[in-house]
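Remarks on the structure that follows.
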Amino acid sequence: MIKEGEFVILYGGRKANYFLQYKPGQKFSSHLGEIVFPEELEYGKILVSHTGHKFLVLRPSLSDMILNIKRQTTIMYPKDIGYLILETGLREGSIVAEVGSGSGALTTVLASIVGERGKVHSFERREDFHKLAIENIKKYGISNRVKFYLRDVAQEGFGIQGVEVIFVDVPEPWEIVRWAKEALIGGGFWASLSPNVEQVRKTVTELLNQGFVLVRTVEILERELLVRESGTRPKETMISHTGYLTVARKVSD
Amino acid sequence: MIKEGEFVILYGGRKANYFLQYKPGQKFSSHLGEIVFPEELEYGKILVSHTGHKFLVLRPSLSDMILNIKRQTTIMYPKDIGYLILETGLREGSIVAEVGSGSGALTTVLASIVGERGKVHSFERREDFHKLAIENIKKYGISNRVKFYLRDVAQEGFGIQGVEVIFVDVPEPWEIVRWAKEALIGGGFWASLSPNVEQVRKTVTELLNQGFVLVRTVEILERELLVRESGTRPKETMISHTGYLTVARKVSD
Amino acid sequence: MIKEGEFVILYGGRKANYFLQYKPGQKFSSHLGEIVFPEELEYGKILVSHTGHKFLVLRPSLSDMILNIKRQTTIMYPKDIGYLILETGLREGSIVAEVGSGSGALTTVLASIVGERGKVHSFERREDFHKLAIENIKKYGISNRVKFYLRDVAQEGFGIQGVEVIFVDVPEPWEIVRWAKEALIGGGFWASLSPNVEQVRKTVTELLNQGFVLVRTVEILERELLVRESGTRPKETMISHTGYLTVARKVSD
Amino acid sequence: MIKEGEFVILYGGRKANYFLQYKPGQKFSSHLGEIVFPEELEYGKILVSHTGHKFLVLRPSLSDMILNIKRQTTIMYPKDIGYLILETGLREGSIVAEVGSGSGALTTVLASIVGERGKVHSFERREDFHKLAIENIKKYGISNRVKFYLRDVAQEGFGIQGVEVIFVDVPEPWEIVRWAKEALIGGGFWASLSPNVEQVRKTVTELLNQGFVLVRTVEILERELLVRESGTRPKETMISHTGYLTVARKVSD
């Protein structure tokens, strides 16, 4: 049973995909007609609009949650987050930190994976982003797994220790490195995303200077294959760059 | 504190990386000398061999666990698993199934993410693989989250229901589709990997025939960027194909 | 000195690029003002519009000629043509054939490279395309190097022999293979482009059946690197698929 | 009829590919047996070794000539050269220059395309490379189309003018830019290859400083598609980086 306030996807076909909160009795309108949410609802059910169009009720994937979040910032793409989760060993129960909170998109994924026994420490220096991230996470109903900090890590550090993984998505990741060294457990993971080669170079240099090991930078490309009656072929256009991902591990002194 | 039997990585430099079980008092030998595991050990510590070489003690990432598992089969690559986790919304508490168990590499990742409140149902028709997967998961200490079945799903189906995500890594995924429809909750996710275009085509056709929606196939490419004193450039060679990933969602009848 | 009727590019900045024929005294208008072509003109000169905007006079590259041709068909991309030229050894003096003529874009490149001592035999079954290709080549002033045929090669064959390279850009390349075997010299090259995997499969199968060797299929990807003050990074989007290129060599019986 | 001294490929199957000079009466030995070259030979013929193995006599493609040249340097890959030919409009009759001559691989392609009415000016500062390039071009029988210079262009410039295209493959391309401006015709093309991002950045900056326009950098990726009985899929590994290609056009002052 879907709880009041939970997010759902109403899927009415390729070009009619809606991401919204379930509220019993509430009306939803689109060019395909009007729907009233029933008192009880389950994922996988079909709702029919007053014009007869069918909408499938779907539970949002992590990818849907990221791409549909209310945002004021660029977000990390699912393909990149997925890679970093596997590389850093993030799992149920992990203690992680992120800089910055941004719109809370990555925060949402991290909190969904670490679960009730884990913790996400989310740092942001801009008050507007800080508030937006808090608001977004609240909507997703997983606020208890996240602790938000309005704090400039580049200047003041994390102020916490024992972190297993640190995700960094700020324009100057190299300013965070020495603080990450303090906050991480021995062998803990650094994971950052940067669009430009120059940013990568500075970050990698600082990681090596601070004694991090297994420093590695990759980019992840996602290419769609179209399977059609008329033939099978890669899609004609693609997003070819979101950012470079740098992973490294801390050594205890 | 690392528990007896837990896996660790001994990192002694770029070409001296060892994945092994921690057993207090046990000796480990390599071309860089001999190490005796101490009675107590923590991640991030450094052990020194009798010839003076330093080894860093690291907790394996999910990626390390996959790539180092004892195997008799090909495995799904971290980049592909990471993508599927985000696309399917797999998270702490999820109920998932996989066909087949193979060497238990994917099983390990799934179990690490769903945690104590989730469950992984792992199906395999070959007895040797079935046993190997059980053995491998036992070593990783997460057996309680996994239920193994020696069963040919293509012939007999899953025999369970209420599954949120089904991962399929067998040569004929299209034979699993109708059974997946029975086992999945409404809106539940299909996720399969196939190396060949012909396999993808058959699978996609069957998914559409069985009424699945949001059917999408992609490939994920990982390209390393080398950051060196002498200059920054992509690595000269790369793995350019592991498989096509197909994701789809079930509609309730 | 540029001859009357020759094509030039008027380059007035990133978004003001015009491809047109030089005619002394003729007026050209754009949103950047009006230009009158002088009686004498050379490549590399700058023309100034009546509003003061500067336009650089450039000789079109082969790539410009292809992308600006008057067309009713899709065209082969420069990146793909360039690869095929190198792989087939096309050079000054070569005798080549193409099926079909299309809009004459590939014809133009082939004729520009084989020169006065070479020959391009261009086959097309649709009269409208046939006429368009003839017209386009005439504009480029290299008609004497090309012989056009209104002929359905799939049904009637080439009717010529001694061809060194055959370029095939039709929806059913496999229907051309047996005729190519007749027309090619021993060791001569087959080069075809197809968007779909299924087309490639049929073509490769037929090439092997007809005894061709060194059969190889590739795709060529072009990815732009943006070098900006703000940083260096790959462009965010790219064309990720134009077609698969299949090359093979004929064996004499 | 193949002339004495001309290069041929003896193709005896996937792993038995030999590139050698044709000399009537000369013996050639491999693990597949011995062949004696007949007095007369044509492309496409089959020669049989004393052990019964068949070898097909093929004319080398431009790609074969590049990849088989006797070399002391890295070479530009066919995929990259092909792209640059199309982008720069190189064709029969063109006047081009290259820095440096290297092993003469690119020189060979350029000379094959510009033909008897064109000219290749090839500059090299190292005497050993200069001699090797001259020797290699002589073997290919196209020496009359090439003029070799033992000269350090970075220090002394080209000393010639009226060049339509300049190819640059040296570690410091930015040192060549101002000299290229002198040597090129108005609208003439700059084309350089560099492995590292830092080299690209310096080169692009200098090109813009010297007033070049339409400056663009790309990388070209070649990915093989395997078409097998067992299925169709991209090859598992690929060369993922050879170099970045920068093209630009000169403006007359």
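By written order: A, B, C and D. Residues from 1 in each chain.
Here is the rule we go by: a residue touches a chain if its C-beta (ideal position, glycine included) is under 8 Å from a C-beta of that chain, and two chains touch if they have at least 3 such contacts.
Because the structure is a prediction, the values reported are computed rather than measured.
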| item | value |
| --- | --- |
| If a chain touches chain B and chain C alike, it appears here | A, D |
| Interface residue overlap between copies chain C and chain D, same or different (over half shared) | same |
| Between chain C and chain D, centroid-to-centroid distance (C-alpha), Å | 21 |
| Centre distance in Å when chain A and chain C are each reduced to the mean of their C-alpha atoms | 45 |
| Chain A, residues touching no fewer than two other chains | 197, 219, 223, 232 |
| Listing of all chain pairs that touch each other, if any do | A-B, A-C, B-D, C-D |
| Chain A partner contacts - residues on chain C that touch it in the complex | 195-199, 219, 223, 230-242 |
| Residues of chain D defined as touching chain C within the complex | 11, 42-46, 56-66, 78-79, 81-93, 109, 112-118, 185-189, 197, 200-201, 204-205, 213-214, 216-227, 232, 244, 249-252 |
